[in-house]
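Multiple structures follow.
Presented sequentially are two complexes of chain A, the first with chain B as partner and the second with chain C.
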Partner chain A sequence: MGCDTSKYAAVPLAEKLRLFEQVKADERFSHGLYGCYECGVCVAVCPSARFYDFSPRWIAQALAREDADLVYKFMNEDVWDCSQCFSCDKCPRGNSPGGLITILREVAVRNGLKSAKDALEGYGRIIYKILSTGTQVAPDMLQPNAFPDWGPHVKEISENLEWWRRALPPETLHTTETSWEVSEQTLRELYLIWYASGVMEMIKEVDEGLHMILTDVMEEKLEEAGFALDATAQD
Partner chain B sequence: MSSGRVLIIGGGPAGIEAARGLADLGVPVTIVESRDRLGGMPIAAHYATLTPSLEDAEQAMARMLAPLLGNPAVELRLGAAVSGFAGAAGDFELSVARNGSQESVRAGAIIVATGFQHFDPGRETQMYGYYEFDDVITLPESEKMLKEHSFVRPSDGRLPERVAFIQCVGSRDRQIGNEFCSKVCCGVASKQAIEIRQQLPEAKVFIFYIDMRMYGYWENRIYWPAQEQYKVNYIRGIVAEVLKKGDRLVIRGEDTTLGRPMEIAVDVVVLSVGMEPSQGTREMARLLGLRQNKYGYIETEGVPLATVLTSVEGVFAAGACTGPADLEDSVSMGGAAALKAAALVRKKALAAGATG
Partner chain C sequence: MPIDAEGVAKSSRVFHRDPETVKSVPIREQVLELEARGEWIAQRVPEPYAEVANKLGRAKKIPLARTWHHKSCGQCGHIPGYSTSIFWLHRKLGLDYHDPRDQTSCTAWNYYASATSNPTAQAAVALRNFAAAYESGYFPLIHCATSYGHYKEVREELIGSQKLRDQVRRIMDMMKKPMVMPEEIVHYSEWVHAVRDRIAARKVLDLSNVVATVHPACHYHKLVAEDAIYDPDIYGGQRTATVTATLKALGVQVADYSTWFDCCGFGFRHILVQRDFSRSFAVQRKIEVMKDEANPDVTVTHDTGCVTTLDQSQFAARAHQRRVGIPVLSEAQLCALAMGAHPYRVCQLHWHNTDTRKLLEKMGIDHEARWREFEADVARLKRGEIQFLGWEDADV
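Our next item is the complex of A and B:
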């Protein structure tokens, strides 16, 4: 809750500082944090702040003060309450609490923090879809047991999915396994981006099983096109 | 009879600017200054640099003073005080005391520019242990150390690792009776914080504040660089007390941003003391019969569209004798007072010529 860091008192300060150094070393860091007026506009526009004990201002403050205890607490809890909508970019000083949270999350994932694993646990299927097909949540994920909160008609729609999709005017949406048609070349380029930007390493850190399945899919497609994946991964 | 001379009481930034303006207009001027040197508080209180330019205070004041020195229109009386006052606008007669002797000076108009004094944190209460702990100091004391490039813990001469400024000491405080904002302390503390970080890059600097009042360009020239470039820690919340713990000080307050009580160990606490009317301001107001406000400052009439008129015709006031003022305010008021005084002596001289 709030800014109480006592829960993490047993974690050595050196470990907290090590993670904080990684945050500061991110080249986006200095563009996300200038100075804070405490004006509260980031909290005022934040959708998450309405529902959770969450404040983008605290995040910016903790980082500005270089309070490694607090940063560690936020990295383990609060950053997962953010919806990454970047409304907080409204900041008059040009801070981006949402951008800082992106960095904090990435450091949490890269270091395999338990909070990152827990937070991403429910998203395995979505991560798989996005990374393997290059599109967002696909229509065939519309299953009543997976997403009951999508309303009373999910069952009916999911049973006749193909018909519903064909009713949509753009032909590129006549798909059920992906949100829209993705060309082979786009897919290959996306795979190369996932590898080159370190996304695959992050996946490995939080979910090794998922990483293995994804690697199989990707390697096959890339090798067909003549890319040697081991070399790509090291670039 | 009327006198074409203007008497300026106080040789600080406001008085100097008034004298410069009058001399430029060809109006003879007498400056009465109680200290042995012109330059006012920036010189007397050993300011390192001016806010917000961060220019060396000695050099800046020397440049400002240069046109007065050896100027035939300017008569200087240093180490002197006005001790008697009679007459009316256009023809005042003043006694000036110096070295135990009294001299009479006639003047058509008077400009009071007697300035302020820094709030004494020990005056009302033992605020923040100012008289108790050597390492609790005030803005002018910090300024002096910065000027000497020797910002240390006064108790043992060691370099501080952590320095905390506490804002609004003696300002905005109903308990103390100074309900006004002293206007400059936010900027001066931030300026000093930058200088501490420049001189001691390893030191951590905190500023505890109610709200930062960095109007106009002080915002981007002082506040933002302090926070963004020099990593000064601004924490909203006023410190309640300063305690001694071992050989360090502990400050206690509420961190209102994070909504929790805070306790931080520091080496030096700098109290950002505000302004009060100087002894000279109080004395001159009494002697000249000028209306004062409840804080003892000289009340200016017609604010906001007049800035230098007092309750006595022919007597003008400029600078921090009228209330908290920064250097820009003071110098601008000095110029405005010069204009009013010059116009008045000219009008009286013309009237005397017409009737005489």
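Our next item is the complex of A and C:
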């Protein structure tokens, strides 16, 4: 809870410092952190601070003090509570706690931290959808078992999906598995980006099963398009 | 009594922005400077365009026509009347546009939700879309506020890092696509803002008895904040003018509420797999506050996630007798309705959760007759008489 790091006392300091170095090495890090007036504006405007034991100020201050113990604790717990709304960009010092959290999350994913795997549990189908189809949410995701708290209207949509999509005047929206029609060539280019930028390696760190499924979908299409996979490897 | 926007403006200092006092180098000039150095092509805003003031008082060019519509996952997928209304407005105003199939999502919803990506991938996705727009001869008009905010972030990162530009160039070369950065990054609500008087001139409904609250989208006015549109005549220049200025042009009564700056509770990951947070925040910090302080007929916003969260979160809250029941629309849908668009064929209000029928009645729309027409359309589809409902059917 809060700033108690005792849960992670057994993790060697060297490991905590190794991860923190990756955070500091990110080109965006210095632009997101200029110090802290301790004014609390970031906390006052933060939606997550109202409903979780969460504070963007704690995170900015721990990073500014280079407190590797605390940064490790935040990287494992608090960062996943952030709403990524960037209300905290209101900081009078010019900090972006939300942007710093983006970096902390990326490092957690890239290193396959268990906390990242836990936070993304149940989220794999979304990653599959965006990486493989190029659109994040699709009409066919509107199923009553996925959104029970949205009431019977979701059931009505799912039962009428095929017809209601056909009743949309824009021709690109007659789809049910993607939000709009994405061309095959465009998808191949998107897959190339995932391979060439290291995203597929990140996926492998947090979800090997998902990585295998995505690889099956993408590699054949990349080869069909004449994109050599070995050429996509990062420098 | 609702506090109206005029009241707030009169009782507050008015902020006139002066670009001469701004110390930072304008982003647009940096984009053009990198073009001069051969780093990329800066796609120019085509004529005709409007010039409006951004937060720093600088003139931002808003293309009026020849726009390449960078669609939104959540709008097209779950609230398709949002995208349809944007297209419908273009058609009714006679402004040329292109609805592409070589567009992907900006993928930022996933990025902010799961961090299973990185700056190189995000910038490459952005520039692949920008290259597709450039090759079509049309200029990007971005439907989603997260795409808009994220692309502005990406633009800053690319301007600031030669290493990142080189990494992205390597990927673009593999695709045989040019490095392109638009001269301006433009959100559709800025386009609506720029043509609001044309829309108002064509309205067929009297909206003077409609009270609306406005939720400004976080990723529109908080993320790379200086590029959002401000106007000293709207809230004294202290809040973004998009949406509010449009509603006022339509003659809607805009009412104020104290938590206007709060987000909607979307949370990116939360709305998909941890909705207890999204629901609680949307109901307790937004909907109930609006209800208590302004009691609006509708709340109007300009982004995918905001419409989704504010609208869908109200259902479960009814079971707990919370003070909910405010319809949620995008300003594009409200503009379309005001201009006589069909509430179901064009605005597709049957995809929304919170009941809109009382609002439609107040606007003078016979929703029962219009729903019967839509049901007849669906029956024709089912009988195989037509394969799809086209634009030619939308206004019958």
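Please note the rule applied: the second predicted complex is superposed on the first by the 233 of 235 C-alpha atoms of A that agree within 3 Å, B and C clash if a C-alpha of one lies under 4 Å from a C-alpha of the other, contacts with A are read in each partner's own complex, and residues count from 1 in each chain.
As a convention for this text, a residue touches a chain if its C-beta (ideal position, glycine included) is under 8 Å from a C-beta of that chain, and two chains touch if they have at least 3 such contacts.
Fair warning: this is a prediction, and the values are worked out from it, not measured in the lab.
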| item | value |
| --- | --- |
| Fit-or-clash call for chain B and chain C when the two complexes are aligned on chain A | fit |
| Computed vertex angle (chain A) for partners chain B and chain C, CA, steps of 10° | 90 |
| Touching partner for A:Gly112 - first (chain B), second (chain C), both, neither | neither |
| First (chain B), second (chain C), both or neither touched by A:Glu38 | first |
| Which of chain B and chain C A:Arg57 touches, first, second, both or neither | first |
| Contacts of A:Arg65 with chain B and chain C, given as first, second, both or neither | first |
| Contacts of A:Pro92 with chain B and chain C, given as first, second, both or neither | neither |
| More chain A residues in contact - chain B or chain C | C |
| Overlay on shared chain A, then closest C-alpha pair between chain B and chain C (Å) | 14 |
| Intersection of chain A interface sets (partners chain B, chain C) | none |
| Residue numbers on chain C that touch chain A, as the complex places them | 71-78, 80, 83-84, 87-88, 99-105, 107, 109-121, 124-125, 128, 132, 149, 157, 160-161, 163-164, 167, 170-171, 174-175, 177, 218-219, 222-223, 225, 261-263, 265-270, 272-273, 275, 277, 279-281, 285, 312, 315-316, 345-346, 348, 350-351, 353, 374, 377-378, 381-382, 387-391, 393-394 |
| In the complex, chain B residues that touch chain A | 212, 223-224, 227-228, 231, 233-236, 257-260 |
| Residues on chain A engaged by chain C in the complex (per definition of touch) | 27-28, 31, 45, 47-48, 50-52, 80, 83-87, 89-90, 102, 105-106, 108-110, 116, 119-120, 122-123, 126-127, 130-131, 134-139, 141-142, 147, 149-151, 153, 157, 160, 163-174, 178-183, 185-187, 189-190, 192-194, 196-199, 202-203, 206, 227, 231-232, 235 |
| Chain B contact footprint on chain A (complex, rising order) | 2-4, 34-38, 57-58, 61-62, 64-66, 70, 93 |
